[in-house]
Structure formats: structure tokens, C-alpha cells
Amino acid sequence: MISDVFTWLNDPSHWRDSAIFDGIPTQLLNHLRYSVIALLIAAAIALPLGLLIGHTRRGGWFVSTVNAIRAIPTVGLLVLLAVMIAPHFHGRTDLGYLIPTEIVLVIIAIPAILANTYAGVQSVDPEVRDAAAGMGMTGSQVLWHVELPCSLPLVISGIRSATLQVIATATIASYLPLLGGFGRFIYDGYHQQDYAQMVSGGVLVALLAMIADLLLATAQRYAVSRGISGRYAKSAGGATTVATVEAEVSAV
Amino acid sequence: MKRKTLVIATAVAALSVTLAACGKSSKSDSGGGGGGGGTIAGKMILGGPAELQTRADGPTGLQKNYGVSFQAFKVLDTGGPLTVTALKNGQVDAADLFTTDPAIKANNFVVLTDPKSNFGAQNVLPLINKAKATDGVKQVLNFISTKLTTDVLIELRTKVETNKEDPDQAAQEWLASLSDLPTSTPAKGASLTIGSANFPENVVLADIYAEALKGAGASVKTHLNIGAREKYIAALKDGSIDLLPEYSGALLQYYDKNAKVASATDVYASLQKALPANLIVLDQSAAEDQDAIVVTKGTADKYKLTSIADLANKSS
Amino acid sequence: MDHRSEDLGFLWDHVWLSAVPVIIGLVIALPLGWLARRYTWTYPPLMSITGLLYTIPSIALFVIVPPLFGLKSLDPLQVPIALTVYSVALLVRVVADGLASVPDEVTQAATAIGFGRMRRLVSVELPIAVPVIAAGLRVATVSNVSLVAVAGTIGMDNLGRLFDQGVQLSTPTAYYPPIVLGIVLCVLLALAFDVLIVLGNRLLTPWRRAVISQ
């Protein structure tokens, strides 16, 4: 089986588009397209919200309720929205299935970004905040020039976690018709009993996720302000509380 | 400063990836895709189940038998609501549906005739464990097979799928409507577990077998909605089910991917040879549930389509 | 009615498929997490490996498991195995961080009283780590409930099959009951697991309530 997978991946016809088959590069672009759109929308919503809630220290309850979204089965929501929305679209378009997919992807991306942004801003040492106020900074200046830079690693960690979940769910979106992405190989392979294709799809998705994670992890490391690098080392003992673990756990 | 440039650079990169992806996909939708070359089919998108893509009677078979080559093939579902919606709303121009689908009549779709038998026969027949096929059981099931017709299948599917009736109730109603249902109990003493695939037509057929055998004295258990073919054939092999309704052509394809026969009698004969030792098929019914290429009435009128061969005509 | 027994069967399958991998995952993660703390040089490689495993999307892991473990391509066992891998990947980090959250003074005090290493681990460090581990368990079980439903799209028996049925019956118009039922049951199940773990956390850490009430 493992050799079959290698054969499938090395077959040049699988890298080309034909009338009846979309090749690996096309599906990669489809997968990225679905993911990036959702992440941009989710970040546009969750980043400002997280910064606001963290800075004003009000509405923490909102963050925990949003975390409860994790309990909703993504497949179920996908199917429900698709069945509601798809019949309304006419003509040669995949919007009828793309829109439900993007809605679900945004819904699952928001909790990770929101929770981590909130935790990041919250975890800024109150003394630092005090010092900034003492220097004469106004509230919004403290937010932009102090809290945001200090919490940037956790924010990027949230984006990283959201990216992984979005890539994973975009794979499942290929359960719906007319959509591409690497999940198409998995589901078509399943239906055609072409298990080499199915496993190859899985391998491709896994590789995509790992590379995305690597890129974002590097961004996370570079995002740490030079003045405080070393502050976020994984400490033995010290202030590891339930809250920070919850934030880190959802960032894993 | 470094932070800001990093953030801006990432945003720009993300945006450019998105734009590139959007650009690429729209290009491949309009320009790409091989086939056609001026034929009617070359302008149309075919939709169907993933299995059709690589099956012998799929695009390859259509090309070979009719010279028909579509612009593109889109994966939908196995003759289900997603295919119907896509055809109705114009996301695809032609679709692979099953001939018993009530949606065909409901939406005024046109089934293109298949004079060269690209899609082989698919007669409904019982697939049973040889050891469980007692004379009484055989008698009951063969009687049922004489009464099943394609119209009956359409009627049953309408009841279960469109009217959301309970499959078991639909099965009982149909049996009750048979004027010459025997009242004897030749199957007394037999005990069977009846399985089914996970689509409504197969569930109703399994319920019909179950109710008929129960009425004939057998002790019957059902294990329905098992799943795809690999799953329920495996269940037949390990004995967790003994009997289920099958389709001659599809079952033959499963055991012999290179089978080239198409007529009902040929398929039946080849099937009996291809089955493993412990499974047999009983008499097949006239009821057929074949794949068919279906178009909307509008498309049929526009291009004057009545058979699949018409798709190979040059488009004006 | 045929539906009720079939749906209950799906629910039961779903309960098992969500819970058992987490329990087994915890059993595996406890010694691994302890290892990462005790021999700190193992912490980075262990975290890298588990982190890597966790990045793999669930459905990809489902389909990759059979060839790696020599199973049939659609063996139902692949789901619990993949989910156990996930749970371990998540919980090793949590256990390590949980044990790390024990204040040094406490461990030193325990040694001073004469607790051996094993006894200290079991009677002092683990109990104090319970809240952190419980937080990780909540995440693991709740996400498992959603991941098991994904397996329904490749034919495995669980509540995810209800979504498939809803799609199949959506002719001529959308048919919501099985889909909504599936979503509601999944959410209730996730909630039930969450509550159970929170209660367990409360039961196992009576001293925290005493502290707060001061």
C-alpha cells in the first residue's frame, strides 16, 4: 500500500488537469483559496475583538462562550448550511457550496484567534502597563505600542492554530460536490475504492498542514520583540496556570 | 518597524496567493478541459458520482461507444439529491441519474436513450448465502422477483424519498396490494438476517424480502443501511447477514472489473460464474435501476437530444 | 420505528469512539509527560513530535493509519487508533505542563516529610496537576466528538451517518430532521463529557474549594 501511494504521487498524469480530473497543483490552489479567504475574514473579526476585550478587560465571558463553538460538529454544520443554501444558486458556479464552506471555516477559525489574542493581551504584565501609563501613554497608545507587540507571539499562535483547523476542515468540505481541494482525492478515492488515491490525498493534506505550521511557527519566533525574547521560554515551575495552559493547548 | 514590515509582508503574500488562486481556477473553468471539439457535448459539463469517473461505462465508455466527450466532469453524488439539484440549477448540463429516480418525472428531465447499451443491465435480484437458500426461501424470493418491475421501483422510491414514508410500511403496503400473494408458509423453519445498502431503494427492497419471508413463516432479522458495497459484501462473507437485494450489472462489475457484457441474460450468466463459492443469486426480476445520462427539458429541446448519440452531433 | 434503534446505535458508537481514545490517550500520556518533566532533555523532541502529529488533519490521519498499521483500507479500528494518537499528542504537553505547575516549595516540602519519588508523584504532584490536565481533557473529548462525526463521511458508524442520511433524503427539498438531530446530539454529547470532566475535577481537588472559600 505504501508503495502504491508513492506510485500514485509520482504519476505525472495526476499532476495535470484533464477534462475529468483536476490535478494536484489545481487542488492545492483550491485548498489554499478556501483557507486563506476564511482566515482573512476570521482575523478581521477576531483580532480587533480580542484586542478590545483584552485591553478593556471586559467581556471575558464572551470569549468562553465562543470557545463552546468547538462543540459543534463541523460536518453537521457544513451539511446543514449546504442543504439550505445550495439550491438557491443557478448557473455554472460553485458558490452554492463554497459559501456554506466559508461560513463554517470562519466559524471555527474565530475561537482560536479570539481566545489567543485575548489571552495574549491579558498576559501582559500589569507593571508594564503601569509603566506605559506612567510615561504618559493614552489607552489606545498602550494598546498599540505595548500590549500588541508583547502579545504578538500568542496572537500568531492563535492564527497558527486557526490555520490548522481551517486546513483540516477545508479537507472535509470536499464531501460536498463541486468543491476541490486535497479532500477531493480522499473522497473520490473512497468512492472509487482507489485506496492509493485516498491515502495520497491524506498524505498531501498532512504535508500541507505541516508546512503551514512550520511557516507560522517561524513567524511566531520572529514576532517576539527582541527586548523580551526569552520571556516566553517554556518555564519549569513558575506561573503556569490553568488559563495559560488552556490558551496554549488551543494553540497546539 | 521590523514587526510592521513582517505583518504587512504576510498580508501581501496572503492576498497574492488568494488572487492567484482565484485567477487560476477561473482560467481552468473556462478555457481548459479537453474533449468536445465542436460537438454539443464539448460545450456541456457532465456531473455524476465519483465512481463514474474511472468506470468503464463512464466518460471512457461514452467516448468509445458514441464518440461523446464532455467539456468537464464534476463529482456530485451517486444519483442523489445533490446531482438532481446541480442539474436543475444548471451547475452541470448533463447528469448521471438512476432510471428509478422520482426526481426525473418531478422535474421533467429527459432520459437520453442508450441504444448501444453503454450502461449494462441492472436487474434487481437477491444475493444470498447458499446455505440459507432453502427451497421455501427460494420459492418466496423468486415469486417476489416476478412481481417487481421498474415502475414498482419508481413508485416505492416516491413513497419513501419524496413522501418520507417509513420503508417498512411502504414494503407492507406493496405486498398487500399484490392480488396473488401466496398464503402458504413454505419458508417455515428458516431463519435469516437480511441486510441492505445505505440508499432508500435498497432499504425498501430489503424490507420487501423481509416482510415476504416473514409472511411465509421464516424467522427474519434485518440489518439495514450497512454502507457501501465493500462493507455489506464483507458482512455476507462473515455471516452477519445472509441475504440482500443486489443489481446484476453492478455486482458483476464488483467481482469482475473487466466484464464486457451488457444484455440482461449475458450479465446474469457471467454473474453466476463470477460469484464466490458460498454466494448465489436467485432469479432476477424485470425491475431495472440503470445509470442513465439525463438532461433538463430545456437542454433537450435546445439541442434536439433524444439519445446519447445526439450529443456527438456538431453544435451549430 | 426503525429509526430510533438505529439512531441510538449511532449515539452509542459515538460515545465509545469519543471517550475510549481519550482514556487510552491519557494512560499513554501520563508516563510520557512525566518523562518529559523528569528528563528535561526529552521535552523539546517530544513536543516537536507530538506537535507534528497534532497538525495532521483528522481525516488525513484516518486514511493514513491503515497502511501504517497494516489494517484493511476501511477498517473501523482506524478511527480509534487515529483519535488515540491525537489525544496522546495533545495530552503529553498538558501532562508535562501540569506537572510543571506544581510549586517547587510543595515538592520540597513533600520530600522533607519523607515521601519517596513515586509517592510524591502520585499523592502530591498529580493531584495538584489535575486542574491543568482536566482542562486538556475537556479540549480533547470535545474535539473528539466532532472528529468522530467526520469519520461518518467515510462510512464509519456514528452520529455522522445522520448527516449523510439527511443529504440523501433532501429531495425534492431540503430535509432537515436527521441533520439537526445529529448536530443536537453531538453538541449535547460534547456538553455531557465537558460537565463530567468538570465534576471530576471538582471531586479530585477538594482543597481548591477550601482555599477559595477563605
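We call the chains A, B and C, going by the order they appear; numbering starts again at 1 in every chain.
Definition applied: a contact is a pair of C-beta atoms (placed from the backbone, for glycine too) under 8 Å apart; a residue touches a chain by one contact, two chains touch by 3 or more.
What you are looking at is a predicted structure, and each value in this text was computed from that prediction instead of being measured.
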*Most widely separated chain from subunit C, with each centre as the mean of CA atoms*: B
*Quick check: more C-beta contact pairs in A-B or A-C?*
A-C
*Could you give the separation in Å between the centres of subunit B and subunit C, each centre being the mean of its C-alpha atoms?*
39
*Which integer distance in Å separates the CA centroid of subunit A from that of subunit B?*
37
*Just how far, in Å, is the C-alpha centre of subunit C from the one of subunit A?*
20
_Give me the residue numbers in subunit C that touch at least two other chains, ranges are fine._
74, 155, 167, 170, 175
_Where subunit B touches two or more other chains at once, by residue number_ = 77, 82, 228, 230
*Shared-contact residues (touching 2 or more other chains) in subunit A*: 87, 187, 190
*Which residues of subunit A touch subunit C in their complex?*
1-2, 5, 70-77, 79-80, 82-84, 87, 164, 167-169, 171-172, 175, 183, 186-187, 189-190, 195, 198-199, 201-203, 205-206, 209-210, 212-213, 234-238, 240-242, 245-246, 248-250, 252
_subunit C-facing residues of subunit B, complex_ = 77, 80-82, 84, 102-103, 106-107, 161-162, 164, 166-168, 198-200, 224-225, 227-228, 230-231
*Which residues of subunit C touch subunit A in the complex?*
37, 40, 43, 47, 51-52, 54-64, 66-68, 73-74, 89-90, 93-94, 97-98, 100-104, 131-132, 135-136, 139, 142-143, 145-146, 149-150, 152-155, 159-160, 162-163, 166-167, 170, 173-176, 179-180, 182-183, 186-187, 190-191, 194
*For subunit A, which residues are in contact with subunit B within the complex?*
17-22, 26, 29-30, 32-33, 36-37, 39-40, 86-87, 89-94, 96, 149, 152, 176-178, 180, 184, 187-188, 190-194, 219, 222-223, 225
*Considering the complex alone, what residue numbers of subunit B touch subunit A?*
3, 6, 10, 14, 17-18, 20-22, 24-25, 28-29, 32-35, 45, 47, 49-51, 53-54, 58-59, 69-78, 82-83, 85-86, 89-91, 228, 230
